[in-house]
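After this come two complexes, each holding chain A, first together with chain B and then together with chain C.
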Partner chain A sequence: MNGRKGIDPQTSCREDVALESLMDLDKGRMSRLVFQHPGLYERELERIFARCWLFVAHESQIPKAGDYVTTYMGQDNVIIVRQKDGGIKGFLNSCPHRGNKVCFADAGNARQFICNYHGWSFAIDGRLKGMHASEAFDSTGFDFEGHGLHPVARIDSYRGLVFATLDDRAPDLADYLGDMRYYLDAVFDMDDEGTEFVGGCVKSVIRCNWKLAAENFVGDALHAGWTHDSGARAMVGEGVDDLHKSPERSYQVNFNGHGWEFNQDIIGNCASLGDKELVKYLYAMQPRVAERLDDFRSRMIGSISSCTIFPNTSFLAGQNTFRTWHPRGPQEIELHVWTFVNKSAPPEIKERWRKGSMLTFSPSGVFEMDDGENWEYATRTNDGYVTRRQDLYIGLGRHTRVHDTSLPGNVYQGQVNEANQRAFYQRWLDLMGAAVWSDVPRRDVPTEAAV
Partner chain B sequence: MNDNCAMADAAVDMLLHHRITQFLYREARLLDAERWGEWLALMAEDIHYWMPMPENRRRADRMKAYEAGRGALFDDGLLDLHRRVARFKQPSAWAEDPPTRHAHVVSGVEAFHAEAAGEYVVHSTFVNYRSRGERDNDFLVGRREDLLRAHANEFRLARRTIFITQSVFLAKNLNTFL
Partner chain C sequence: MTQSVLEVGKSELAPEGISRVDSPEGFIAVYELDGAYYATQDGCTHARASLSEGEILEGELIECPVHGGTFHIPSGRAVGFPCKTPLRTYEVVDTGRTLLIHLERQAAATASDGETNTNGA
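Moving on to the complex of A and B:
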């Protein structure tokens, strides 16, 4: 890219895009083609979604053997199921015979999954058990062993959050999350019992590119005061605090494309739910978290903040909404939203959070409804042939890196910043440009002492 | 949903049925016109306004499609409804300007005497069609079960349960009531 209007004018939907032409992050520029180009989207399915560790379930959703949820890894539908030995397995939700879906429920408990088409039946460990008219298969020397459900490559969890990858060469989950684990503990490890999901999953469609949602949660504290002014006034009677005026107590941190923007006000996000009981609960938790973890992280438990775990899972501390932005082509996502709570919280506190998170962050939520509108039009304008050749600004907060710090990851001063968005797109570029995991540049190395 | 199918003897008389139907039509017209304040005035103090998101569950599952305590686009008391209206009315509700065009269609009204005197269980179906900007058109179809309470010469809505059919909500937001 060569400055303001430097995108290669030869680039079109029908041609390959040179990745290096898409970003000049040091200059704070990026191309809009990343939100529009069908070829780039296909490559994302291969190099991001078929390769990264993706959030697939919370352990609390599937406590007993046979409990399952169905979800997506990219556009691949998967079943995540608790095993008899307490482990968790994941499979493509597709019969290896003729490809039909084998599980049509969102969640439930199963002793087996039976395909509607020819009655192929699979145990919860994925093994093929039998089928309609099995004698016909027996007599032709059919290999039962080789026709189980296709398993995900690896599955692992951190603090109750279950992740899976479809690439057996991916680094370990602990390495993949790296220093983000230190920060995740502030929300998912407040006490011995950790968190659980309450209520079900609310699913909706937004006609936007998945990265606009992910980048918003990875670092866009800037939009809160403008986009969500109406929601904040409705919920608490005043606008969002001027976050940019007090950068000394707020940060952006990132690690290999994961990022969290936050301040240290303990309860700022939570307060926007307009429920004093929840604020009281967090204030009571804070000293206990300080003792368990440290004072710094205890001030993040419900503060004004947002986080994305690369590539497409995000949450808000304090508002307790947890979500995955499943890609559906370059211009659409399917949004899955849950509410998380501390398992040890009193039942009425859990219920207040379920209601509060839905009132604010669901399709009818007073905050979320403005996000969807912004992301859809930030996507759709790029249908314009000339429009999509005008690059975009992503340069806020350059030179805010904090070098002299004991905090893990890459630390930036001031949450009103685009440092995390730049780190998100750097990781995106690194993955898109690497044919195999071993070629992905190793920019951030976990600080073992931090976790 | 209550099964009032075999309760013809508890059905309200024609005049009351007419008044109830007119109440629902007027409510729909207030929503079409974004006359939020007048719409809120139709709510009883103890309103429970609930719209669960259905889940795909197997028939044998004890958990059914619509369950209390699960995900819901509305699970509101009066304060929550007031907060939603407060957002619609903010000058900074950028996404509401230019305004959305609404059509709330109500049909299939059945009304029955509830257990308490002066209360009525009212079933209806609805189509909600919204258009924004150039080509944003979203519609929802569903069924409602209301509890209406006689109030002065009119009614107040004491409970509304809204059963939509979509398990994946096919729109970026829901910026109205149903």
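Moving on to the complex of A and C:
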């Protein structure tokens, strides 16, 4: 980039964009084309969504053989189904005959998936079992073995969270999550029983670029005090704390594009639900988590925080909302939201969390509506031909790296920061520029402490 | 006559209620419903499928494992989409320790001609 205007002003949405011209993160600048350019979006489908490990289910959603959920990996619709041997498999939700969808439900239990079009029938392990008018196929020497549902490349889980990748050259999930596992345990491994999803999946459409949502959860504590002031007053009668005035109590950590901004206040996020019973529950859990993990992580269990697992899955400790931002083109997402709870929590606590998360982070939730409007306009303004050629600032907290720490990952002081957002876009740029996994720069390597 | 009767030891039957046995007539599905035994052709009349891999549903129905169509086990009647043609049934005589499956006789409850799927599915 040269000076303030880094983007070639001649660049049109129909032309290829030079990736290196899109960002100068050390200077805290990035191009708006990242949120608007159709060619970049196509490349994201290839190099981000058809390559990364993506969240596809929680183990608790599919306990029995034949239990399934359908979801998206990028724009690829997939079926995730529990097998008779207890394993989990995933398949493209599309018949290999003439391409129709084979499963129309969001979740359920099936003995087989039958295509509506010509009656091709697939076992829960993806094998083609038979079809309508099978005699006609038999007489043409049809190869049954070669026409099952197309499987995902790999599927694996961590602490109940099931991830899949469509690229068989991807690193192992443990390597992909890396040092984030250390922090994920603070929420998903508070005790031996772990977490579960309660209630169903709430879906909505937001007309925003998927990265605006993901970058918000990866590190944007800054917006809370401004955007959510009225929402916080509505829920608990007072505004959000001035987080930037006490950076010594909070952090940002990131690893290969995953990021978590968090306070050490134990219950800050949870308190925004306005339910004292939930705050009491977390205060009672905290010493037990301190004993199981450590004091530092026990102070994250419901604190003011947000996290994104690269590329498009996010959650909030304490508010217990878990979500995936599925891309639908450069200017739209389909948002899938669930509520998670500790499996061991009393039933009335689980119920309070389900209601609390719906009040705040459902399509009609007070905080979700605040965010959605911001992201829609941050997307839509880039329709402007001249507007989209103006860079954006992403430079907050450039000198806050903590070097002398035993904490895993890249650690920054103060949650009001844009260090995680920069790391998110660095990972995005690394992936977009690499033709195969082995070409992706290995910036962050898992440390012993995270295993 | 003896060649047309298949003798099957009950101890050879699967505990789940449906077994597949080989016969000169081809594979036969043998069902146990509340202590009573029935036999039909194993192959689905709609498309290639082994009914003995299916599941017994309420109402003495066998559900095909491939398309989920159903037949009434005692009569062989085609009940649910996409099944239209009834199953061949076989008379079963329970001798206590074994079953005698008469390959040339139909079960007493067998659907009469013309009584096929009437659910219009």
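Details
Definition applied: the second predicted complex is superposed on the first by the 451 of 451 C-alpha atoms of A that agree within 3 Å, B and C clash if a C-alpha of one lies under 4 Å from a C-alpha of the other, contacts with A are read in each partner's own complex, and residues count from 1 in each chain.
Quick note on the criterion: a contact is a pair of C-beta atoms (placed from the backbone, for glycine too) under 8 Å apart; a residue touches a chain by one contact, two chains touch by 3 or more.
Predicted model only: the values in this text are computed from it and were never measured.
After overlaying the two complexes on the shared chain, residue contacts for A:Arg328 are found with neither chain B nor chain C. Look at A:Glu373: by the touch rule set out above, it reaches chain B but stays clear of chain C.
When the two structures are aligned on the shared chain, A:His150 is found in touch with neither chain B nor chain C. When both complexes are overlaid on chain A, the residue A:Glu135 reaches chain C alone and has no touch with chain B. When the shared chain is aligned, no partner comes close enough to touch A:Lys27: not chain B, not chain C.
One of chain B and chain C touches more residues of chain A, and that partner is B. Once chain A of one complex is fitted onto chain A of the other, the partner contacts of A:Arg127 are absent, as it touches neither chain B nor chain C. In the superposition on chain A, contact of A:His244 is made with neither chain B nor chain C.
By the document's definition of touching, of the two partners only chain C reaches A:Ile114; chain B does not. The residues of chain A shared by its contacts with chain B and with chain C come to none at all.
On the side of chain C, the complex with chain A involves touching residues 46-49, 55, 65-68, 82.
The residues of chain B lying in touch with chain A in their complex are 51, 53, 55-58, 61, 63, 67, 69-76, 80, 83-84, 86-87, 90, 92-95, 167-175. Residues 111-112, 114, 119, 121, 129-135, 138 of chain A are the ones touching chain C in the complex. Residues 104-109, 198-208, 227, 229-231, 233-235, 239, 274, 334, 337-339, 351, 354-355, 358-359, 362-364, 366, 368-370, 372-376 of chain A are the ones touching chain B in the complex.
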